[in-house]
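Each chain carries a letter (A, B, C, D, E and F) given by its place in the written order, and its residues are counted from 1.
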Amino acid sequence: MSSLANERVAYFNGRVVPESDVLIPFRDRGFLAGDAAFDTARSFGHKIFRLKEHLDRLYRSLRYLKIDPGLSPKEMSAITEDVFARNTHLLDKDDDYWVSQRISRGVPADDLTVSSDARPTVIVECKPLPLKQRATLFRDGIEVVVPSVRRAAPDMLSPRAKTHNYLNLTMGDLEARERNPKGWAILLDADGNIAEGTGSNFFMVRDGIVMTPQSRYVLPGVSRAVTLELAAKLKIPHQERDIDLYDAYTADEAFLTSTSLCICPVRSINGRAVAETAIPGPVTRQLIDAYAGLVGMDFVGQYLRRIER
Amino acid sequence: MSSLANERVAYFNGRVVPESDVLIPFRDRGFLAGDAAFDTARSFGHKIFRLKEHLDRLYRSLRYLKIDPGLSPKEMSAITEDVFARNTHLLDKDDDYWVSQRISRGVPADDLTVSSDARPTVIVECKPLPLKQRATLFRDGIEVVVPSVRRAAPDMLSPRAKTHNYLNLTMGDLEARERNPKGWAILLDADGNIAEGTGSNFFMVRDGIVMTPQSRYVLPGVSRAVTLELAAKLKIPHQERDIDLYDAYTADEAFLTSTSLCICPVRSINGRAVAETAIPGPVTRQLIDAYAGLVGMDFVGQYLRRIER
Amino acid sequence: MSSLANERVAYFNGRVVPESDVLIPFRDRGFLAGDAAFDTARSFGHKIFRLKEHLDRLYRSLRYLKIDPGLSPKEMSAITEDVFARNTHLLDKDDDYWVSQRISRGVPADDLTVSSDARPTVIVECKPLPLKQRATLFRDGIEVVVPSVRRAAPDMLSPRAKTHNYLNLTMGDLEARERNPKGWAILLDADGNIAEGTGSNFFMVRDGIVMTPQSRYVLPGVSRAVTLELAAKLKIPHQERDIDLYDAYTADEAFLTSTSLCICPVRSINGRAVAETAIPGPVTRQLIDAYAGLVGMDFVGQYLRRIER
Amino acid sequence: MSSLANERVAYFNGRVVPESDVLIPFRDRGFLAGDAAFDTARSFGHKIFRLKEHLDRLYRSLRYLKIDPGLSPKEMSAITEDVFARNTHLLDKDDDYWVSQRISRGVPADDLTVSSDARPTVIVECKPLPLKQRATLFRDGIEVVVPSVRRAAPDMLSPRAKTHNYLNLTMGDLEARERNPKGWAILLDADGNIAEGTGSNFFMVRDGIVMTPQSRYVLPGVSRAVTLELAAKLKIPHQERDIDLYDAYTADEAFLTSTSLCICPVRSINGRAVAETAIPGPVTRQLIDAYAGLVGMDFVGQYLRRIER
Amino acid sequence: MSSLANERVAYFNGRVVPESDVLIPFRDRGFLAGDAAFDTARSFGHKIFRLKEHLDRLYRSLRYLKIDPGLSPKEMSAITEDVFARNTHLLDKDDDYWVSQRISRGVPADDLTVSSDARPTVIVECKPLPLKQRATLFRDGIEVVVPSVRRAAPDMLSPRAKTHNYLNLTMGDLEARERNPKGWAILLDADGNIAEGTGSNFFMVRDGIVMTPQSRYVLPGVSRAVTLELAAKLKIPHQERDIDLYDAYTADEAFLTSTSLCICPVRSINGRAVAETAIPGPVTRQLIDAYAGLVGMDFVGQYLRRIER
Amino acid sequence: MSSLANERVAYFNGRVVPESDVLIPFRDRGFLAGDAAFDTARSFGHKIFRLKEHLDRLYRSLRYLKIDPGLSPKEMSAITEDVFARNTHLLDKDDDYWVSQRISRGVPADDLTVSSDARPTVIVECKPLPLKQRATLFRDGIEVVVPSVRRAAPDMLSPRAKTHNYLNLTMGDLEARERNPKGWAILLDADGNIAEGTGSNFFMVRDGIVMTPQSRYVLPGVSRAVTLELAAKLKIPHQERDIDLYDAYTADEAFLTSTSLCICPVRSINGRAVAETAIPGPVTRQLIDAYAGLVGMDFVGQYLRRIER
């Protein structure tokens, strides 16, 4: 059992088990159809940030998919904190976790239909942030690639529900990576406006104004919301608005937000350098500092320290 | 081990195991992202029908997703026949199987990206056809419901690749079932033409002409192809063309094709009875008979016999 | 003539006549082409509410269609009040009227063209509100159905002009009624956002914020405007914005506004119960109370009293 | 009663009455909502042409709208021939009639809904063709104007059902007439292809090939079908295909088809003369001659003779 | 050389030369592909207005096209002032200039590609305003025509970059002029909203509110920005919002803004007179007066004085 | 004048002059607005191929733009042959020319409008084919990149007219080159189907069937037409149809056609190797051989010989 001491545990349908025991029957609709919702928060200094906002969004995703998790938000919150606590001892002091809830529709008696007889599959799990893999992004800036694939439209499958159906974004990622192994795909929506990437929201700055796409075609990220809050607090003008490639190519600064990255500067868009040559630019820097203040941790340093190792 | 005698086996990453041992690690991208392709053939009288066509389509789906299964089509075919053979003794004489290959991108070292370092997860499995659950469809006809959800567009995620991302269709199914517990959803595409349902293609007959949507917005079903072949052989005029609700509401006959159903008559569309009151109508009947001839089995009888039981 | 005492009168091309004498030649373009505009106000306690706003909108609809009614707004207002007054004696004390102006392009010498030689057909008429038929809606909430039919786009025929061309909405109503005899259709627009129903506007509440679609794709209802005014007065945050099915399915409360209903709670959307189980929910209740205060009448009670009868 | 001898009669809900007695209650949904279907054939030499095809299309329009006329096609045909016969004595030898069936949803007990309790309103009526008004079109060619208004899309209201909702086309006509009092509007569809005008189909000829838009976005006119049949018989290559303004501006010849016009040459499109300066061009001439042969009458002469008068 | 005294000079790739010497090699991509950006300011009383704003926009257009002009904005500004000064003596006291910078991608070694080896072609030039040709517009109002051609969409070529690719707008102008020799084309965008004309922005006034299309589908004109600033200063409510034909047809007043016209009243839209019969209407008048105050010159008088001559 | 012996000559507005004298006044609308049409043929063994087809298309482009070149097709053909002949002595035996006609709208008295008073600018010119620069494409295959930019839609500016407005395609080329310096952009159209690249048409082969996009969204290339003719002659099944990325990614072979390349194999699409590893694949090889036969020259050898040099 000593090996277990080195293995993370997860909540799995009512029990806490070693992660390697979280095995999904292949007839689970989560596997067969990606028929599942999830949400992911992260910790700063071993404390989960804005869990409530993430769970609110999770329950909205579940309502959209009409999956009943069989647990109240309060119960889900307690389980999440419990799983996190049980895994903390495996974290280095300077590391942090992603913590996720994943609920699939389960294995219906008749898996052909979306009948409500199935018991959902519920997983709560942690995973160390990829601090090392992404460290250079904070030094060099992200290279954004806009693929030809368009983000799914809201009357097909809402981009605002966080589900296990990621192939639309994956097709964009494949296209971006084929062009540039370090490229991060940011997709346009059906109207040709910038939408989002896999798990990330796009921001740009022009003439001192911070802009990000409206939330209709994109997942309204918690980090995105934090960034807009901070802009408001810092009295930096900011807008949720349509942004197209003309805007992106004429930006002074640009950055992505995501749960793991918080705010990370963009270096180039389709190979064109963003105007502001400092990484990050001055407005981005201001927001990063405020973000670090809010979460009580120099999250950029946490990444950059991995480069030296 | 006697219990095993009553359990179906499946191929799972190189080994043949009892189905209950086919368990997917939750970090497999097949579960996290529905990042997998599959295909499903059926047997008639315990013989797999058109396996080659299904495997051709499977390999096209895999190429589209850029997943390398690590097995040649020939190997995949042999494994499929082998799995099928090992499970035949569990079938009643009058039953038949669905037989499916499912290949996910697996568990990459870094599951955040679509990196190619992962070994794919490969499953080949059988499942008895739901003959009993669907038997009355052949007596009463299918009640088609057209939901408000539109089928995903080809520049978002091609409807022609058969993947584990089914939520777009599932949202349509949920809408249809909420309206009519027996309803089968058939979605419109982004242009307002009839596209397809979960695993089924739509056909209609008017003035003696058999029509079905073009294959651009729909999965080009093998049963759909068989039906068009049979129409050609029977010298019934037939067209692949745009079909909208005006066409559907003014059809003389309508039917769905799918691997399990082959050809099954439609009774109504959005609650409006199809004109031809016989179930099936005369042209549909002709095609059903020819289909039965081709597969060497009265597949409608196979369904209808379940009603009496 | 005693029968006339029991028959409502209407204004018809310059004269006040019994309603049964308001007969349209079949070659009138109002009949042949739905080539007519109208507007409808209602009374509260036998007094017409916001007639001026309704007439302003009527004259905008007429300008859009390029129909000259041959009467000034002031004259139209006087005629409307006169027709209403002549019919008041037929109303029970607790009943109220819809009062409508209808102006068609008339019968041109050559009905093939939209030549301006025709004299318009002008009707002003009353009709008792369907208080009894709709009474249970206020007790049980409206069951909203979103059909597959999309609302006509503004560059085809503006949804903001109130005309006699209602078949686009009627196709949605047919679809909704076939699914649920009590269903009220609310259509999506060409972009997949919620638009409107036949004569009704959609509102929802989430996290205390009242939201309704922008007026571009919908008729800017007078009751809608009143509701937004009241929200402003009550300092309830409110937004005119794009609303899609994700929003609708994750609403806390929802309601429709229309001239007859004022504000009426929604119970379910596509069969999914709105989150707030009270009918109406707390924010809706606040707005209903304010509406009742503004019009000086408990309009909900007026409906609910019909249930006991 | 001698005046009656000079007045046409019409069928109206079971009776044959003078036209001036065909009066529609204003609460008929045909007037309130344009909620009606119709079809119109014409006579050649006092004989109705292709009545069956027109009635087939009428019954499809009725099915689309879900209106039950209460009469079989055979009964409708007999009534039509009867009404026509009763009015023939009023026709000059060289004149001909339009003959139309019009069926509205009637006056429901509750006109708010599309309930099926209403008895339909059925009218069958004749009207002399506007031979004189349109005579110069055959000498000079039609001046086509493409307005900014787009033809309604099939998932809003099918252009293939012939209904009393004509405002979409009327908005196009208004735009065209404001620009050119003799202009005939031909609308583009939502994809920017040429669709149709009020009651007319567009054809063009280039490099000897006759082309007309596919029937999806346009009413499949009976005269359009006749023209395609004749092209086939004359072995003139012909295509139903997407046609855009590039095609139209580079056409060798162009013409419109409609019930009254049969085939009438187009002189210009948006003010640009069609290349072929002869009116009609050689291929159009060939088709006109064949059309005249089929209907047994020089229909162009019938028009042109009105110019001299 | 005396003839030179009467010829304007221009900056051309580093030298100031007579305009007639500004000759472009036909293999310049500016000629072959319209591969060039430009911007145009005007003078009032022989002083250039808001040159900085025009140059800011020019440099954004250049960045969008990825053309490096080889000159800093400051250098470009100095050259512009210099060229203007050298040509002032040719201006009558009551005349003024347009002054433009034009930068093409030049003549690449291999003109097939967009390789960066080419030296850009840079021109700075003046041209007298067409005061006489346009004078009557201020007396009579502009006759706006909305053509069938739609404005290019942002994911094809951004309407916000001011380039030498004007054929999309030219196709609209051709259509408008064919209908009305005095017509000015204002195009709709892909969504059916009013976009812009060749070099002009559309404004309308209704119920005292000034409205103009959002800048996404239109070039954000400097005169447009000035007008919005003035509205703000005058406390006239104003909105950047979607405007469709319903809005335009029901406007109280309408006007266009452009560099040369500043603000010029619209008389009619598609032949329909704007409601307010005064040219200009009261709100437009207020804005014109404020504009004149800002630029320190009665620019309307400058135009109107040309009528008497 | 000896230098002239080494300089190509061109036709320029009625005269034959050295190319360096073909200089365009900067106020020519061809420069200011890209307001010009052109076409380009090539020679094989110093003989122009299919000049008539190219001129037919040129005159269609001119009609679309409403530019009158002032020369008949016959005159234009004679000028073209003459210019070609005058330049032949400058060609190596194994080289060949592109030969182009370019006609702009010229310099109107008032360049603001599209008035017809301008005399067109007419140029006819030759240019050696870039055999050396493109030689390796025939050895290695073309690397196709699909950019995010979409091809302009036909109701904005027809892709079928060959004009000097190339920025839409240039934006795609810029995106492609930024990703892969050797990348050739092939754009999708507004519906997400493959359209075309700058001067090239896309073909693919699957299951022995040759497919190319329909001509609606693409310039109907002369080489494309030749290729379809040859497929017909060789009895290779071929289709003009919608092709999307699913098709492209699952192609057996792919190639581009263009005037200079005739038929050139594609190696990869978005970095994914085309299935058939031979360059060219067997069907492409067959078509190339037939093409060489038709033009009487081993055009592939002509390219490949440049590699050795």
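Annotations for the structure displayed:
The rule we apply is simple: contacts are C-beta pairs under 8 Å (C-beta built on N, C-alpha and C of every residue); 3 or more make two chains touch, one makes a residue touch a chain.
Being a predicted model, the structure only gives us computed values, none of them experimental.
Under the touch definition stated at the top, chain A and chain E share these contacting partners: C, F.
For chain pairs B-F and E-F, the one joined by more C-beta pairs in contact is E-F.
Residue-number overlap of contact pairs with A-C passes half for only one option from E-F, A-B or A-E: A-E.
With each centre defined as the average position of its C-alpha atoms, the distance from chain C to chain D rounds to 33 Å. Averaging C-alpha coordinates per chain places the centre of chain A 45 Å away from that of chain F. Averaged C-alpha coordinates put the centre of chain B at 58 Å from the centre of chain E.
Among the residues of chain B, those touching two or more other chains are numbered 66, 148-150, 153, 155-156, 188, 192, 245, 272. All chain pairs that count as touching, in label order, are A-B, A-C, A-E, A-F, B-C, B-D, B-F, C-D, C-E, D-E, D-F, E-F.
Interface residues of chain A, counted against chain C in their complex, comprise 60, 63-64, 66, 153-156, 158, 160-161, 214, 216. Residues of chain C that touch chain A in their complex: 188, 191-193, 242, 244-246, 249-250, 272, 275. Every residue of chain C that touches chain D in the complex is listed here, in rising order: 10, 19-20, 22-26, 28, 30-36, 65-66, 102, 104, 110, 112-114, 123, 125, 130, 133, 148-153, 155-157, 163-168, 170-171, 173-174, 177, 190. For chain E in complex with chain D, the residues that touch the partner chain are 145-150, 175, 178-180, 188, 192, 245, 270-272.
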